[in-house]
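Structure incoming, see below.
Each chain gets a letter, A, B, C and D, in the order it is written, and its residues are counted from 1.
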Amino acid sequence: MLDFAAACDGLASQPFSRLLGARLTEFGDGAATLELDIRVGLQQQNGYLHGGVLAYAADNALTFAAGTALGPALLTAGFTIDYLRPAVGAVLRARAVVVQAGRSRATCRCEVYTLDEGREPLMCAAAQGSARRRA
Amino acid sequence: MLDFAAACDGLASQPFSRLLGARLTEFGDGAATLELDIRVGLQQQNGYLHGGVLAYAADNALTFAAGTALGPALLTAGFTIDYLRPAVGAVLRARAVVVQAGRSRATCRCEVYTLDEGREPLMCAAAQGSARRRA
Amino acid sequence: MLDFAAACDGLASQPFSRLLGARLTEFGDGAATLELDIRVGLQQQNGYLHGGVLAYAADNALTFAAGTALGPALLTAGFTIDYLRPAVGAVLRARAVVVQAGRSRATCRCEVYTLDEGREPLMCAAAQGSARRRA
Amino acid sequence: MLDFAAACDGLASQPFSRLLGARLTEFGDGAATLELDIRVGLQQQNGYLHGGVLAYAADNALTFAAGTALGPALLTAGFTIDYLRPAVGAVLRARAVVVQAGRSRATCRCEVYTLDEGREPLMCAAAQGSARRRA
């Protein structure tokens, strides 16, 4: 099984996660939280965070949450994301939890929030997906 | 309605799409194709393209395909992606088509391929999603 | 808005829900629970509840949960379901909650359980979907 | 591998499919088509076919299509369905095709149509899902 430090190393070994500036802030007990600082380079044409960034965060948080149950050798099978509102703020936070895990597959849910000073976190997307242990 | 040049301008106005190096190669008649050159910065830890890049490409191709039916003022409602095989190669291509479009909503499908010299395109993900006209 | 009695009448006015023997056991405050007694006629070839019954229960629970926020004139836009384990037992229970509701759309999640005497409820499926107010 | 007759027997061995009156009209070469006659008992409160019936048809067509690639010992992992228009007519037809199949998993798409005399089939739902070979 992975511990928090090893999971952080795992994230840091993903060039795309470094490009986006993602960091793990929670890993273990069936849950994982990934955060990144919102910046102009991650936006779409209206100044909102691009949906692709939300999808990245959900995909990766789901996969790390699955990793708390299945270990590091994983394949993400797929996921669904519903966008709930435009994403603006200082920080994007994706928290995923394991809904059910067997020996070879884990199904997880993820809630994606934007954080900003002086207000409560706002949920901007909800996702559900699963990952399988690599054969 | 949007023409190809206007759609390319739309894509170019998305900072995140510029960060990823995405380009439109088809837009119109209920279909849109988006491509990007695969590079190390878009990979995960095993040298495959990160799932988040595939999700970005599917999300954006689905939205542009919906834009051929609904015009440029769109909100992506959400989508589902199934990962089919590890994505390696020179170019990622996401082609989306409108399955059904009403006045306010379009449902689209997307196939994501990797291209490389000397071989046929390989499908690495399949997605389905919908977008709505912005009120 | 709908109250519990009106929601039960709504369910009873669906011939397919009568065919399956579904009943509402909770409706309000952003949540709805639908139950049905498991019987041979709802099974697949191995004696498990057919996936289509789980899908029906998730679809309808999601829609009723959305109805607590949007009122009775709804269209279900679609949903995703992940099957977690074979469904056996005496009763199927699908509980859905609203994740986010705007004026015209509500996104909901649903957990589907089987119940049997002498054991804890077992989650057999997890779903996520959305419904829109009918124009 | 299954042939058409064996697949029809498989469908007939599902009590729920008999309750709904489903029949296979195509099975093989990566595709499966399932049909059922629309009747009042399958409707919701407005005289449309219940979404749960469309979901059943998509789930089962996806699974049978996967069975053309993986054989009869299957578990449906899950699926997504987008409802496109109210379903009315004489016959419901769900046709699924394999998008990609490996040794242990097949991902499929399904289009659901209503048929009626004197008009073209109308697509009322689009689905995507996957099934795995049972261990």
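The working rule: contacts are C-beta pairs under 8 Å (C-beta built on N, C-alpha and C of every residue); 3 or more make two chains touch, one makes a residue touch a chain.
Only a predicted model underlies this, so the values are computations on that prediction, with no experimental measurement involved.
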Centre-to-centre on C-alpha atoms, which chain is most distant from chain C? B
Selected interface, A-B versus B-D, where C-beta contact pairs are more numerous: A-B
Distance between the CA centroids of chain A and chain D (whole Å) is 33
Rounded to the nearest Å, the gap separating the Cα centres of chain B and chain D is 27
Measuring from the mean C-alpha position of chain A to the mean C-alpha position of chain B, what distance in angstrom results? 20
Residues of chain B that touch two or more other chains: which are they? 77-78, 80, 82, 130
For the complex, which residues does chain D have touching chain A? 77-78, 80, 104-105, 130, 135
State the interface residues of chain C toward chain A in the complex, per the touch definition above. 80, 82, 84-85, 99-100, 102, 107, 109, 111, 123, 126-128, 130
Complex interface listing, chain A residues touching chain B: 10, 13-20, 40-45, 50-53, 55-57, 59-60, 63, 75-83, 125
